[in-house]
Structure formats: C-alpha cells, structure tokens
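What follows is a set of structures to go through.
Look for chain A in each of the two complexes below; its partner is chain B in the first and chain C in the second.
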Partner chain A sequence: MTDVVATNQTILVVGGGISGMTAALEAAECGKDVILLEKNPSLGGRVSQLYKYFPKLCFPTCGMEINLRRIKARNNLRVMTLAEVTKVSGDKGNYSVDVKISPRYVNENCTACGACSDAVSAEFDNEHNYNLDKRKGAYLPFTMAFPQRYVIDPAMIGTDDAAKAKDACPVGAIDLDMAEENIQLNVGSVVWATGWKPYDAAKIQPYGYDRFDNVITSVELERMMDPQGPTGGKLIRPSDGKEAKDVAFIQCAGSRDRNHLRHCSRICCMASLKQSTYTREKFGDEGKSTIYYIDIRAIDRFEDFYQKVKSDSTVNFIKSKVASVVEDKDTGNPILKGVDTEGYKRYANPHDLVVLAVGMEPSVNFNDAPVDIVSNEFGFIEANPENGGLFGAGCASDALDVNRAVQSATASALRAIQVVNQVAEAED
Partner chain B sequence: MSELNNRVVEKYRNNFLKEVEANVEEGDWVKMCMQCGVCAGSCPLGDAWEHTPQKLFMMIRAGKRDEVLSSDAMWMCTSCYNCIVRCPRELPITHIMHGLAHYAARLGLSPKNQPTQKFAQLFWDNLTKTGRVNELKLGLNLYFMNGFSEGVKKSLEMRSIGQGMFFAKRLNPMEILGGHGVKDQAGFHAMLDKAREIEDAKLDKFGK
Partner chain C sequence: MAVQKDIGAYICSGCGLGDRLDCDQLEKVAKSDGRAKLTRQHEFLCSKAGVEMIQADIDAGDVSHIVLGACSRRAKTDAFNFENVVMTRTNLREGVIWVRPDTDEARESTQEMADDYIRMGCAEVKYQDLPAPSQEQGLNRNMLVVGGGITGMTSAIEAAKAGYNVGLVEKAGHLGGTAAALYKRVPERAPYSLPVDNGVDSLATQIQGNPRITVYLNSTVTKTSGAPGRFSVDISTESGDTTTENFGAIVQSSGFEPYDMSQLTEFSPESPDVVDQLGLEALAKEANGGAIKRPSDAKAVESVLFVQCAGQRSEKEGHLSYCSGHCCATSIKQAMYFKQANPDTDTVVMYTDLRTPGAGGEDFYRSAQKQGVIFTKGEVSEVTPGDTGPLVKFNDLILDENVEQNFDLVVLATGMLPNSGVNIDAPAPAEGEEVTETPVSILNLDYRQGKDIPQLVHGFTDSHFICFPYETRRTGIYTAGPVRRPMDIKQAMDDATGAAMKAIQAIENSSKGLAAHPRSGDLSFPSFRKEGCTQCKRCTVECPFGAINEDERGFPQYNEGRCRRCGTCMGACPVRVISFANYSVDSVGQQIKAVDMPDEFEEKPRLLALACENDAYPAMDMAAMNKVEYSAYVRAIPVRCLGSVNTIWITDALNSGYDGIMLLGCQKGENYQCHFVKGSEIAHIRMSKIDDTLSQLQLEKERVGTHEVAITDVERIPQIINEMAETVQKIGMSPFKF
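Moving on, here comes the complex of A and B:
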C-alpha cells in the first residue's frame, strides 16, 4: 500500500510535463510540501517528445536533466507516476482528492538493467513515438525516463512472457501481483498542469492523413528527427523510406477553423518555422521546405526567428490555406491543391512529404473533468476567483510554448503557495 | 444604367462593401472572410471562371463595384456547397454568390448573353406558368436559345436522350399543348404575386 502523508498545507500538482515539474519545483524550493502526480509511467510530458526547442534550437533533454536533478534534490517533493485524479471535493485550503494508481508491476528495486525487456518477445505500439514503431512488453518509456524504472505492460499479465520477465530480473524487482490502488489525499491547493494533445488529424478530411502514408503530423516529425525515434533520426517518408528532401508544411491544420478548433494554437507557426531548419540540417542546400500559411504568427520576440528562416533560400512561403491533398499513385507524392492568395493563382504542387501543423487541444477537457473548475469553450482552464485554491498551469490553461508555459506554471505555484500560507497562518 | 442603379451609386458612393451588406442576401458576411483561399481551391469549377469567391469578396472590399456586378462568376456557381462546408469561418458562400447574381440582375448590370443566366430565366418562366416544369418546352427553349439552325442541330444531337426520357415516362409529347400543372392554379399565382410584392418592396428600398 502506498503510504502518502499529506495535509492541507500540501500542494498537489497534477501532470508531470514541463509545466507541472516547474510548478512543483518552484513550490518545493520555497519549502512547501508538494506531491506531483503523473498519469504516464514517467515525468516529462510532450516536451520529452520534441527533437529541438525553438527559438534556440537546443535539445529539450538538457532542461529535462536539470529539472530531474532539482527534483531528486528535494525530499519535500514526492513524485507519483501512473496516477490519476478521479475526484476532487472540499474547498480552498482543504481539498480531498481521490487518486487511482495503476500497477507498474516493477518495484523500486529496479536498477534499469533491461534484462526483463531482453527476455520478452511481445511488442506493443510505442506511445512515446506516437505509435510509429513498437516497444517491448517490458520497457523503459524513453532513455531519460524518471523514475528510471521499467514497466510491464498490463496486457502482459497472465502470459508466459510476463513470467519470463520476472525470472530474468536479477534483483527480484518484478511483482506481477501488484494491483490498482485508490488513495485519498488531503491538500490545500491543486495546480492542474495536465497539458495538451494534438488535434486528431484524421478529422481534417481533405488532407488525407488517414489515407496517404506521406501525410504526417508535426508531432510525428519531431519523433522522426530524434536519433532514438522510430526512424533512428532519418528524415524519410513512410511510404517507401525515400529521403524526404522536399517537405511541405500545412499551417492551421485544425486550428482557426470553425469546423475544427476555433482558436489559434499559437505555437504551430513557430513549430513549422523550426522544422524547416530540420530539412536544412539533414540535406543542406538540397533540402527544400515550403510553408503554406494564412498568416505567420510568430508571436512577439519570435519575429526575429521568422526573419531568419525567411532569409533561408531553401524555405519557400505560400500564402494559402491548402484546399486539398491528393496522392500521385506512381510516385507516392502528395500533391497540394489550392489558390495562392498573392495573385490568386491556382496551384497543384507535388512534394515528398507533407507535415500537418496540427493544433493543440487540452489533454483533459475541463468542461468534462472530475473537478469543478471554470473553463472556456475549448476546455482550457480559466483564471477565475471561483476556482478557489485550484489553478491552471501551462497548456492546461491555454495553447502555449514552453517559455510561456513555464511562466504560467511559476505564477500558479505562487498562487498555490499563498493558499497554503493562509492555511498555515490560520492554524497558528 | 437603370434608374435603380443610379440611386444606389448615389447613396453608397465609394462604399461598395456597405452597399453589399445592406442589399445582398447574406452580404453582411463578406467582411468575415479572412482570405484563406479554401473556397477557391475547393470549387470544382476550377479555373473555368475568373473570379473565385475569395477573389470576389476581396474585390467587394476593394470597392471594385463594376467588375464584381458584371462578373459571370456568380452565374457559374453550381451550388455544390463544397465551399460552404470547408470555409473555416462558415461563410454562407453559395448563398452570397446567388445573392450577388440576383442583385446584379436587379440592377441590370449582369453580363449579357450569359448562358446560365439565360437558362435560369427560361426555367423560371417555364415553371411559373403552371407550377410544374414542362420538360418538353424547357428542352426546346433551351436548344433554340441561340437561334433556329443551332436549335435544330442541338435537337437532333439530343434525340436519343429525348427518346430515352419518353420511354421512361419522363417526357410527354402532349406537353406541347400546354402541359400539366398544380391543382390550385389561382392559389399558386396568388402566392407568386405576393412574393413579387415583397421583393418589389425590398427593391424599392435599395438606395433609399
């Protein structure tokens, strides 16, 4: 049984992405008692699935490492993975939170040696790579996963493979009898940092994401670029493994569209500008990127980045929302059709690969969550006094880039600290 | 130029967008267009016309009154509704296209000898006689639209289709004598008169 001591001076942070880690750390480093819940087997969130960060084009693993070191250094910050909130009741300064913890089937003795993984043969879709490849039934979610502890896929339980994994473990860390647990936490304030998910590209029917191999999403491209991703870091097209030297980006795929998401997702223009540098990185002057856009929204300081990309002769901009994508059966090339707003010229342009710059929606729709919190029409959390001691942070509150997500997380940590400070004063 | 046209020109001066908003069906949607181009790219007529909806909407905003109202683009619209379904701003594009066509016709500015416009008139005149379309007369009127000799040629060309329709009981040669109609002829015509009255009242307000 997991034994977690919490009081109404504890701050609960739900979601262990960059925002949740930041909020938890800021509060813990101010001396507060913090619990960080993550529903996946590892902390990291979507940032751990990015290849490089705009605007500096550095690797997110670096920031992740720093954050993990900070987390390990605090004994007033406890991390619980595979944990989800099922119910919240009570008021500001005194909440009761029901949490469901799914079994990992691997205990803290695990040294991450990987013997269990070597022993099993069953494979499952690899969610870390957006299901573009497979992972073993006994696995570490990704190299930098925290905690550094393997996971047995629940579908393995009862199979020979599970028994093989157990036998292979040299330190007896595998416990196949582990069961789901339900615990209750008493906390003073809750920060929701449950983040975002990519809009379902298959819903944008004219772009053929579900029909054409060589139409992929922006999040999938990030995984392909990663040396540990599904293609081993090669920029190739799914249909035939040919190098994708001529890449088209379709902006606002699902955003700013009353048939899909009405809001501007704010980061996808910058994401595509960044990804145009991936083509250059792989193929130099031979690479070609074409960005189809309504208007480029490189928010505030990022205008510089836009200008830099614009001055690259391998990057081409076409002001047009693509009307449809068809496939050239002989070459497998996607052909983009539409009308260029600058000159009203029709085009039908073939490319090697098409990347849909998909929009962001909240991963938890707060209009329909196990907590009573004010949210807007898209399901993002609104800042509202009615929310009492509940606060949104990062992409749970809006479509944000990392910089802004972290700012928002710090602000929420401060608000949560104020709540538990009030509780402490009242109890003195 | 019609008297009506002079009146609206006088009233709106250089603000064609205002004129469209006030007088064209669904015209107040025009300003909502963000010029993304999806309607233009989705139109199955492709490059068969010069002005796509996207372009027309920009021309309206740019005050290109003569070019817009004399364009044949609105008359080419087949009402496939592809653009309406795709428009990220949900503009009722097809309806605006028809609204513009109607408005241009009312002001006497629509293009002369535009075949779909001619057909629309033929269809209307045919239908309003009895409340039912007289297929035979409509077909003949259409074939002879551009003169006698071309009409004969076209009729011969279409002979086998005519025969097919006859055997499928879709075409009755006796229709030449007047044809079938709705039961309540008086009621039908009273209804049309009322609709015309409402339209004329609307028209009377243009430019006032």
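Moving on, here comes the complex of A and C:
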C-alpha cells in the first residue's frame, strides 16, 4: 500500500509539469509539507516535449535538471506518479482528496538498468512523441524521466512479454500483480497545475491535418527536432522523408476562432517565430519559412525576438487567415489558399510542409472536473475568492508561456502557504 | 579541525557492474590507495538491505565519510539519502560501464577507469567536511516592499496574509502609484466585456486595516546593507528624518515611468488635443462617466483616434524598441470609455499587430468590436494641429492607401520605462562627457558592486531565465511588476504575489543558512584563510551575485546569506585561500592527483574533464543511458560551475602528466545559460590565459580546450572527449609523467 502521511497543513499540488513542479518546490523550499501528483509515469509535462524555448532558444531540459535536483534534495516534498484526483471534498484548510493510483508494475527496486526493455518485443505508440513512433512495452518515458523508474504498459499484462520482462529484471522490481489503489489525502490547500493540451487539429477541417501527411502540428515539430525524437532530429516531411526546406506556419490554428477556441492561446506566435529558426538551423540560407498570421503577438520584450526573426531574409510574413489547405497529388506538397489582407491579393502557395500553430486548451476543463471550482467558459480556473483553498497555477489558469506559467505557479505557492499558515496559527 | 575521518567505501556489483568490473580489485584500491578504513561489496547496494548495511556502519560510528561506487549521483537519490555523513558517489555505471564496450579488449581500460574513480572518490571525501551554517543571521520575518503602487500593495497584502510583517515604502504622499491615476482598469476576470474599478481603494483599505503592514509615505530608501535575514535599511522622509529598520528580505516594486511623449514631435505632442494614455485617463476621470471633453475647447469628443505603438516597437532614435504589452488592451478600454458615454463616438484604434493574448484578452477585444470600436491596421506618419482638430496622416495597410483624416482627439499609446534606479553596469562617462541626468537609486545598496539591482535588457530588472522568472542576481531582493518587465495590472498582481513568495522563502532559508536557487538547500558557504589573502579583490569583483564586500583593509567579507555557493570566488583566488566545507581547491585537486598515471611509454593517455554539474555532467549521464561510448582515458569531475575552476587545477593536471584537459561549461554571452550568470564566461577568460602556462611547460595548446555545451549535447560531449583522445594520439603523450 502506498503510505502517505498528510495533514491539513500539507499542500497538495496536482500536475507535475513545470508549473506544478515550481509550485511544489517553492512551497517545499519554504519548509512546507508538499505532495506532488502527476498522472503520467514521469514528471516533466508539456515542456519535456519541447525542443527549445523561445526567445532564448535554450533547452527545457536544462531547467528541468535543476528542478529535479531540487526535488531530490527535499524530504518534505513527496512525488506520486500515475496518480489522479477523483474527488475533492471539505473546505479551505481541511480538504479530503481521493486519489487513484494506477499500477506501474515496477516497484522502487528498479535501478533503470533497462534489462526489462531489452527483453520485450511488444511495441506501443510513444505518447511522449505524440505517437509519431513506437516505444517498447517496458520503457522509461524519456531519458530524463523522474522517477527514474521503468514502466510496464498495462496492455502487456498477461502476455508472454510481461513474463519475459519480469524474468529479465535482476532486482525483482517487476510486480505484475500490482493493482490500482485508491487513497485519501487530508490536505490544507490544493494547487491545480494540470496544464494544457494542444487543440485537436483534426477538428480544423479545411487544413486537412487528418487527410494530408505533410500537415503537422507545432507540438509534433518540437518532437521531430529533438535528436532523441522520432526522426532523430531531422526536419523531414512525413509523406516521403524528404527534407522539409520550405515550411509554412499557419497561426491561430484553432485559436481566435468562434468555431474552435475563442481565446488567443498566446504562445503560438512566439512558437512559430521560434520554429522558423529551426528551418534556418537545419538548412541555413536554403531553408524558407512563411508565417501566415492575423497579428503577431510578440508582446513586451519578446518583440526583440520578432524583430530578429523578421530581419532574417528566409522568413516571410503574410497577413492572412489561411482559408484552406489542399494537397498536390504528384508532389505531396500542401498548397495554402487564401487572401493576403495587405492589399487583398489571392494566393495559392505550395510548401514542403505545413505546421499548424495549434491552440492551447486546459488539459482538465474545470467546468467538468471532480472538484467544485470557479472556472471561465474556456475551462481555465479563475482567481475567485469562492475557491477557498483551491488555486489555479500556470496553464490551468490561463493560456500562458513558460515564463508566465512559472510566475503564476510561484504566486499560487504563496496562496497555498497562506492557507496552511492560517491553519497552523489557529492550531497553535 | 582534527576531526577523525573514517572512510567507508561501498562497491555495488549490481546493474552489471559485477560482470564488467573486478569489484574485489575496486575494494583493494579503496583500501590501499584510497586509505579506506572499511570496504564492503553488495550485489544490490540501493536495495533496502544494501542501504541498511551502510546505515549500520554509520550508526556504529565506524564511518564518517562514505564513498559509494555505484551509479551516478543523479540516480537512486531516494535510497542513498544518509544524514550526518559526508558522502561522495563515484559513477561506475553511467560513468564507466555504460560508456564502454563490453569486449575483452576493453576490459582492462574499463577497469582502470573504475579504479581511478574509486581513488578519486576516496581522495575527495578526505578533503570534505559536513557543512554547517554560519549562523550569521537569524529568523527575521519582516519584509520590505519598496514602491506602493498596485504591485507593492499586493506584495504587502499577500505577505501579510501568510503571517509576515511588512514595511511598505512609498515616495509619494499616497499609495496607488500609476493605477491610482486610472479612471478604470481592464478586467482580469470574466466577463471580459467592460472596464472595471481600478482597485486601488480596496487595496489601500486592506492595508490601512492591517496590523502587519507599516506604511512609510513620502519616504525613500536611503541605505540598504546586510544580507537576507539581516538587511538593515534606512528609510528617510522628504524632510530628512531617517529611521533604520531590519528586514529579512526585500521586494522592489518601483514601477515605471511613462515615456515622454514630447519626444514624438511628428505627432504634435504640444497640441492640447494630442494626449498620451495617462492624459486620457485624466480626462476620463474628470468626465466621470459623462462625455469626455477635449482639452483645447472643452468640446465633447465625437471622434477619437488611438495610435498604437507610438514611439514603441521602433528602432528610431529615442523610441523604445520593445512592446509595452498592456497598451493594446488599454486603448481598447479607453475606447470603451467613449462608447459607454456616447455610443455614437467615432473611435478608431490604429495598430499594426493587435496584442490581446490569453483567455480574456480576445473577449475584451471582441467586446469592443461589438460596441462599435473600429480597428484599422495602419501606420500613422504624422499628426498636425488642424483647424477643427488634429489632422492625422496614415497609411491604411489593408487598402494600401495614404489617408488624411481629422479627429477631435488623438491618444498616443506610448510605452513604459522601468524605474530601476542606477544602472550599475553602465560604462563610466568618458572624460569631459556631460552627464545630463543621474538616475536616483531605489535601494541604495551598500554593496561593493553597486547601488541597485543589475539590469537586463532595456533597463528592466528581469530574470534572464525562462524557467526561473524570480532568479535574482542580488539574493533576497526580488523585483516585481513593470520594473521587471513591461506588464499589465493583472500580471503585475500575480508577479507581486510570486515575488512575495520568493521573499518569504529567502527569509526562512537564510535563517537556517540554506542557499537560494539554484543550489537551494546547500549549507556550504565560502570562507577564507586571512593569513594567505593578498587583498587582490578578484573574488569580490568576480562574484556574480555581489555577495562579497571588502573591509577597510581590502579583505573580503563574505555574506553567507547573499552567496549562491557557485564557487566563482574560489576559482578566482590566485592564492587559493577560499574554500567550502565540502568543495575546495583540495577536494577537486586531490582527485586530479589521485588518478594513477601510467608512464609515457604505456601509450595510455589520461584526459581530464571538468564538467559543469548542471548541464555537461547530466548530458554525459544521458549519453551513457543512450549507450553512446567515449574514450576510456577520460576522468570526469563534476564542478559546481565552470566559474569555480581554479587554474591551479589545470596547472597541476598538466604537471602531473595529463595529456589533455577539457572544461565543459554552459553557454556564455548574451544568451548565457550559465546558472551562475558569469561563471562560464569567467572560466573562458581565465582559460584564455592558460596558453602562457602551456608554453612555459613547452606543451601544445591543443591540450586544453574550453567548450560551451548544453544538457542536450548527448552526442557532442562524447565526441569532444573522443576528439581530444585523437588529438593526443596525434601530438603525442605528455612528457610530464613521473
């Protein structure tokens, strides 16, 4: 049984992405008792799937390493993976939270030696790479996964492969009889850092994401650029493996659109500006990027980055909401159709690859979550006094970039501390 | 410090270590070369039984210093979590067997690698002590907030809610800052449809009734000295009365100054009917919901143009190159003032990119469109005072036409300039150069390194790190609001809360002697041997965090609370008198010397890699996980930061026969990745001078390489190592093998 001691002075953080890790760490580094829940087998969240950050073009794993080291150094911060909240009851300063823990089938004996993975042959879609490739049925989600502990895919249970994995483990870490657990935690306050998910690109029918191989999403491009990603870091198009030297970016793919997400997802302009540098990184002057946009929202000092990209002669900007994408059957080239609003000119432009700058929606829509919390019509948590000791952090509260998400998470940590400090004061 | 050091060496034979290495031999090496009092082997060291075995020795008092020969220090940290014992982990798994082929030919060199790492581990712990805090500062739960605008008020209220006392210093005679001058503000909660109350009164009421908050109006900070946990601050009133108070941490929320619109001569700023956004707020306040009147003749405004990005996002002389972030939403809000008073007012917002990001922004924009506000993509080239009102010339970017139009009123959406005090990094004025204006310091820090917080780009005091927005270069002092970055009220309030969080953390941790980010929780801090110090001041100059002051005789004064424990001072010291309890010139130097150096004719080169523990070292671990092989000749030592590398290590390594040396650190320069700001850069500068040493020793300069690497360089770092091995093969072995 998972044995977790929690009290009404404990802070619960739900979601182990960069916002959740930050909220948990900031509170823990203030000496508070913190439990961090993550539904996936590893911490890291969405940023662990990014190749680079804008505007510095640095690597997300760099900050993650620091955060993981901070977590490892903290005995008052407990991490629970494969854990999901199923119910919240109680009030500010005294919540009861039901948590479901799915079996990993691998216990704490695991040394991450990799013998189980070598032993099995079954392969499954690799969620870390947005299913663009396969992973083994016994796997470490990614090199920096934390806890550094393998996972057995539940679909493998009962198969010969599962038995092979168990036999291969030299330290008895594989427990195929592990079952789902349900535990209850008593906590003082809860920070919801459940993050975001990319808008389902297939719903934007005119862009043909579900019909054309060479229409991909911005998040998929991030995985392709990663040397440890599905293409080994090659910028190639899915249909024929040809180098994608001429890349089109369609902004507001699903955002600022009454038919899809009404809100602006904030990050997509900067993400495409950043991704235009990938084309340059791979192909130099031979690469070409075209950004189809409504407004380039490079706010505050992000403007510097926009100006830098703008001065690159290989990057073109067309002010236009693309009407539709069709495929040239012979070449596999996607052709973008629409009207350039600056001067009202029609276009039909072929490109090697189209990247949809997909919008951001909350991973958990709080209008429909196992907790009573005030959220806006987009499903983001609102900062409302009625929420008592429940607080949103990062992209659970708004469409935010990483820097602002961390800022928001740091603020939430204080709000959570206020609650448990008031509890402590009352109990003194 | 005559503390008995009893070294226990524990060798794991699990994870293939026992198959690939001769673990008995490793024990022997630990005993004979490493002087371990006790050695043990376990087939599964991180198991409960293995950990208990170690714990039993600790409990029995048999060992005070332990060396674990097992996996990387990044792995199995939950198992190897011992208290009150000095521990070093030698990386036999990721650092040896996983980067070497499992072949008979490789066996000998792989074993030699492991033997050396055991020797190095034993040498390291021998020179390490358990760190203990200095107790320089106690628990001081008072926080200073400088600046009483909406950011500062929020910081104060939020800190007080958590049980901390706050001193709130405001230079004006009232709280509220710029927000107090607003008629209304942009809503930060649904429905995002209309302007809402500016919120200042509600915050001010909360502050007035709060026994934990002391407000100092008409006051400024005239001196700040000390460190987190023991800041001593002089607060002076205009009349010159000064009180001195003690604080544990500081939030600086000094806000912004509006851009001076008189610089935009093309827009006729002298015309009474051309105002900036704050000018319009004043008119709206005066109208108080009624018709807004234009200043020249008090006629109710029937047509108004908002010129976005006025003097912003422009490379023109005197303009701001950045975007101020809030102005699009602010103009939308102001357009609504007109529409609310009179729906027939002709309101036009002229923009190039309309920027209303996030969940609420788009709704607010849409709400304005519904109210009939016109949005035109265009660029205004000139505003002249016309007969009936300002005449505006603009290029309509959609129709691609040049247009002239009269409006009753023109509002210029000008930007914000951070009120960040003195730029301590500004080059001193050249001789004879006229200094027009000296900025007034905000904090008046009594730090050797300057009076205010270092600025980043455009004068803002932002953190340089995307993942760590509150990373500060002056420990225990956090900036928030528009002084940190251009931002709107909603973000400023969040920012204020985040900064208060960090300040509280600084209060708690400094009282225990714990380091702040990124080495959070570290208890070790630098101290120096005064007898040896030559007062050369390199440590004080090079400290990236301004932690070190100088006394009247020029000796360094370390401030534990301000220190981030990177060791840059230790790397800087030419006479090597600076050390940490568990990290010193010896703790690394002795590892370098502990390596068994084969003689010149054995053709077994030895390469030293000093790898930044934050990025390069983890990348090497990940190379191992991906089974990327590299030369068996390398011996890698993680360092806190490349800035902590003292050149004596290089000289000693060359003198003791190493054939090649690699320094692996983070990116430096404008987009630096170094977690300690300047460490990597300083290391590069220091190493550029190593050529002299090499030529004195008559060694080739290719033998030492300094590299900027990233944590993702899982392939590249092994390549750098292998290339060094090839280089050595080409130029030959070092003649310094004794």
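Quick notes on this one:
As a convention for this text, the second predicted complex is superposed on the first by the 428 of 428 C-alpha atoms of A that agree within 3 Å, B and C clash if a C-alpha of one lies under 4 Å from a C-alpha of the other, contacts with A are read in each partner's own complex, and residues count from 1 in each chain.
Keep in mind that, in the parts below, a residue touches a chain if its C-beta (ideal position, glycine included) is under 8 Å from a C-beta of that chain, and two chains touch if they have at least 3 such contacts.
Model, not experiment: these values are computed from the prediction.
Bringing the complexes onto one copy of chain A puts chain B beside chain C with no clash.
Applying the stated contact rule after C-alpha superposition, one finds that A:Glu382 touches chain C and leaves chain B untouched. Applying the stated contact rule after C-alpha superposition, one finds that A:Val190 touches neither chain B nor chain C. Of the two partner chains, chain B and chain C are each touched by A:Arg256. Which of chain B and chain C touches more residues of chain A: that partner is C.
In the superposition on chain A, A:Pro206 makes contact with chain B only, not with chain C. By the touch criterion defined above, A:Val402 reaches chain C but does not reach chain B.
Residue contacts after overlaying the shared chain place A:Asp340 against chain B, while chain C stays out of touching range.
Across the superposed structures, the minimum distance from chain B to chain C, using CA atoms, reads 5 Å.
The intersection of chain A residues touching chain B with those touching chain C, taken from the two complexes, comprises 256, 341, 344.
Those residues of chain A that touch chain C in the complex are listed here as 18, 25-26, 29-31, 53, 56-67, 69-70, 72-75, 108-109, 111-114, 140, 143-144, 147-148, 170-171, 226-228, 256, 262-266, 295-304, 307, 319, 341-344, 376-378, 380, 382-384, 398-400, 402-404, 406-408, 410-411, 413-415, 417-418, 421-422, 425. On chain B, the positions that touch chain A within their shared complex are 34-38, 40-42, 46-47, 52, 54-55, 85-86, 88-90. Residue ranges of chain A in contact with chain B, taken from their complex: 206, 252, 256-260, 294, 320-324, 337-341, 344, 346. Contact residues on chain C toward chain A in their complex (touch as defined above): 14-16, 44, 46-47, 71, 74-79, 81, 158-159, 161-163, 188-190, 313, 315, 321-325, 351, 353-363, 366, 377, 397-398, 400, 457-458, 460, 462, 465-470, 485-487, 491, 494-495, 497-498, 500-502, 504-505, 508-509, 517-518, 520-521, 614-615, 618, 622, 625-626, 666-667, 671, 673, 675, 710-712, 714-715.
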